[in-house]
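There are structures below to look over.
Across the two complexes that follow, subunit A remains constant while its partner is subunit B and subsequently subunit C.
What follows is the complex of A and B.
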């Protein structure tokens, strides 16, 4: 029995092998020339691993397909390291090597193969956490080892090390800071909405309209408002509120976050089975005790799912902060777009995407851990 | 309900005035412009920017809807069942990609201009529509499906006359999510040289002219809110009609 998605991956992967794998450019701005896999030095072991991996992916046993994906990724890495090293050694001083379409397509195909095989194995939350930690650890080790330092994107990184760290901290600050602020505002607001239908009917439409406003417009509208606060409210400037930079980005993100927090909190609290609520009342619990001891724990998975939406959304939206001087990875993205420097764009987008993926997987694991076991197995 | 209709009309009038007669608002934006700087954006006609913006979104959303619904139909047929877990994985992973990142990544592949924006809007727009269409098509009431089979409808007839109409409200919700995201992403598209309303905001940010930022922000925001509202109305109407038909039948 063959895996049909595996056949699709094998066909796509085989086609991608014929695309240019790396590009070699004379410097960081000019367009490079594509280099196919077979003209790379010492490509044979990597190519064999790649083909073998794709072939293993066709088998219907998920464990073998997972092995195939891992083998293919290892081959891809081998080709990248060997290839970039060999290409640079006989090129000019300012020459740059970057992964090209072939590499990216193969990376996507193999990652999907891995995701598909993992999905079929359906590991429990702890196994997934271990896998995530292992993957992140391996990638970190790889980046640390310097094996990829020949690549153009790593050279961009090397020349901006301190800027990158500042941007990373700023990005994390924006995403997690606004999440914390939204939780602080949203949880009491949601609990208040839970007990008052009128407040709920007034709040939810406003919050969902806020969410519809395009991010750039929201960030833009925040600029004059916060600029006005900075000048009109005494002491506002001292705590860092200004019309441009971190503050407008932060407040825009908080506004965007309120709807998922409040809506999911409400959905979570209202999902309590009536019998459980009745039993709690019968035991003589007060309204507050019921909320803390019954409704909140039972609704926790849904509430956490709301926080997951907010976190992933804010990590992405924080990129826009780069346009209004708010820092973060967006700085690199928009600098790169201005200079048409692809590697700079990648230096901004790849960490953002990685951060979003890691956060999403982590939050999914937390949601599953918060779900009562009986429901999880059902 | 009546107040809602009034507010809606007022907002539409305000939006039309902002786009067609921007000079009427000089007094309102003047305090935000730098001393001596221009108050109203005149480098391009706001109407042409708005039309180009909406055109991009409409084109991308139509394409995403067609492809996403087709894919969802294929995956929910028995022959496509093998791809169902995979397609779910792809939509889950794909939606964690920030729309801005998709836009920025489209540039190295496709260059600058409307092209990469269109592709990014299309690709990102697929996910919510596909997800909702799949949910809608795979959670149909079994009794209705059994009845459709029982009265001798062919597979194609069942799809067109029973499954798709029943799933329509859920699919529309997906389209609405996708359109709202597209409107926002198209705004950022002006950083990659697509002609959209974001141009006004970006021009304001580059020249420190808050009047432009506010003007562009208001127009884009009003468009998004009104389109969102119109799609919600359409959904409500369709579910109401579906319910009415079911009650009659």
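What follows is the complex of A and C.
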């Protein structure tokens, strides 16, 4: 038996092999020229691993498909390191090498193959956590080893090392800080809405309306409001309130986060089976005991799913903060857009995507751990 | 003793329960039976104040429930409902231990009580203690629900259609279990059902509700033989009434002298079952044991005479 998704991945991967694999440009601004795999020096081992990996992906046994994906990714990495090294050695001083369409397509295809194989193996939450840690560790090792330092994006990184660290910390601060603030406001608000239908009817439309404001407009609206507060309220400036910078970005993200937090909290608390709620009341639990012992634990997976939405959404939205001086990876994206330097844009984009992926997978693991044992094992 | 005194509930001007008074003796089962909308569940829920009465009083052993805090009152009263209402994220042991835990019992005492109750309901503690409700069959979950309601040795057990979600065979077994456990523990039970057969089988007393009013409160035999209104007669089910009556009478009551062949039936076998035996075997009489242990017989003619005598 053959794996149908595997066949699709093999076909797509085979086609991607014929696309330009790397781009060689004279400097960091001008458009480069595509280089196909077969004109790279010492391409053979990498190409063999790639083809073998895609072929293994066709087999129906998930463990072999996973092995295929790993082998393919190793081949891809070999081609990237060997190819960029060889291309640069006989090019000019300012020449830059970047991955091209072929590389990205193969990366996507192999990642999908890996995800498909993992999905079929359906590892438990702890196994997934270990896999995630292993992957992050391997990528970190690879970046530290300097094997990729010939790539254009790594050269952009090398010239902005300290700026990158500041941006990373700021981005994390924006995403996780706004999540924490939204949880601090949203959880009590959601619990209040749970017990009062009138409050619920008044609150949810307002939060839904906030969600419909386009992100750029939201950041824009924050500038005059916070600017006015900074000048009108004594002491506001001292604690960092200003029209531009971190504060407006942070507040905008908090406002966006409230709807998912409150709506999922409500859905979670209301997911308690009616008989269980009736029994809890009939056995003499107080309202608070029902909330803590029954409704909250039973709703926890849905509540955590709300926090997951917020976290992933805010990691992405925080990029826009770069536009209003809020810092974060968005700084590189908008600098890169202004300079038409694609690799600078990628320096902002790739860490954002990685951060969102890691957060999403971690939160999924937490959601599963919060689900009652019996329901999980069924 | 539970005294219900002129209790009334008015919803939007309509009297869901209309000036109902009745007394439930300690150690008995009272079954409230009625059609849907008769106010039977509202009446039950007013006893533990899940519904607040519009007027009237409920007294448990002389204490007015209106003067106790709702939570303290409910922790003294066991409560079992249709579809069991077990907490899906708690194991069987934690589910049963909910009320003792709310009352602050020490953990060792709770654990001992959980095992005692599981034994009482014929569920091996070491096998069931750590299971989750999703891992139980319908009948097992229902038994755990009743065990949970009994956990703190309550003064009173309220049951709202407790067997409603079970299939007929499991339901009959659950009814027998409840009867056996009630006799053993001497519990006081008020049970709500729409099923007259269940009411007659389980109840020491049966209270029939119709449109918010208590139309008859009497022993099962009286309900069958002397229905107070047309409605009660209809509930008892006109044509099946003689059979229902026979199901209440033990065989030894009409056993006559006479030795006939066959294994004698136990003394407490109902006349309905004896009749079924006669019809199945094609005989005019079957051997039964009498209360003193000697053998006698019950004849078809005697059953017919008993069924016609109305009480």
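Rule of thumb we're sticking to: the second predicted complex is superposed on the first by the 375 of 378 C-alpha atoms of A that agree within 3 Å, B and C clash if a C-alpha of one lies under 4 Å from a C-alpha of the other, contacts with A are read in each partner's own complex, and residues count from 1 in each chain.
Here is the rule we go by: a contact is a pair of C-beta atoms (placed from the backbone, for glycine too) under 8 Å apart; a residue touches a chain by one contact, two chains touch by 3 or more.
Bear in mind the structure is a predicted one, so any value in this text is a computation, not a measurement.
Novice: Name the contact category of A:281: first (subunit B only), second (subunit C only), both, or neither.
Specialist: A:281 sits against subunit C, while subunit B stays out of touch.
Novice: In the overlaid three-chain picture, which partner chain does A:289 touch, first (subunit B) or second (subunit C), both, or neither?
Specialist: second
Novice: Just checking: does A:297 make contact with subunit B only, subunit C only, both, or neither of them? Give me first, second, both or neither.
Specialist: second
Novice: Of subunit B and subunit C, which one touches more residues of subunit A?
Specialist: If we count touched residues of subunit A for both partners, the winner is B.
Novice: Which holds for A:4: it touches subunit B only (first), subunit C only (second), both, or neither?
Specialist: After superposing on A, A:4 lies in contact with subunit B but is clear of subunit C.
Novice: Is A:319 in contact with subunit B, with subunit C, with both, or with neither (first, second, both, neither)?
Specialist: Touch status of A:319: first partner only.
Novice: Which partner does A:90 reach: the first (subunit B), the second (subunit C), both, or neither?
Specialist: A:90: touches no partner chain.
Novice: State which residues of subunit A lie in both footprints, the one left by subunit B and the one left by subunit C.
Specialist: none
Novice: Give the list of subunit A residues in touch with subunit B in this complex.
Specialist: Per the stated touch rule, the residues are 3-5, 8, 101, 112, 115-116, 119-120, 209, 212-218, 220-221, 223-224, 227, 243, 312, 315-317, 319-320, 323-324, 330, 333-334, 336-337, 340, 342, 345-346, 348-349, 352-353, 356-357, 359-360.
Novice: Would you mind writing out the residues of subunit B in touch with subunit A in their complex?
Specialist: Of all residues in subunit B, those touching subunit A are 32, 82-83, 85-86, 88-90, 92-93, 95-101, 104-105, 107-109, 112, 180, 183-184, 187-188, 191-192, 198, 201-202, 204-205, 210, 213-214, 216-218, 220-221, 224-225, 228.
Novice: Give the list of subunit A residues in touch with subunit C in this complex.
Specialist: 273, 275-276, 278-286, 289, 293-294, 297-298, 372-375, 378
Novice: Where on subunit C does subunit A make contact in their complex?
Specialist: Residue list for subunit C touching subunit A: 48, 50, 70-75, 79, 81-89, 98-99, 102, 131-135, 145, 148-149, 158.
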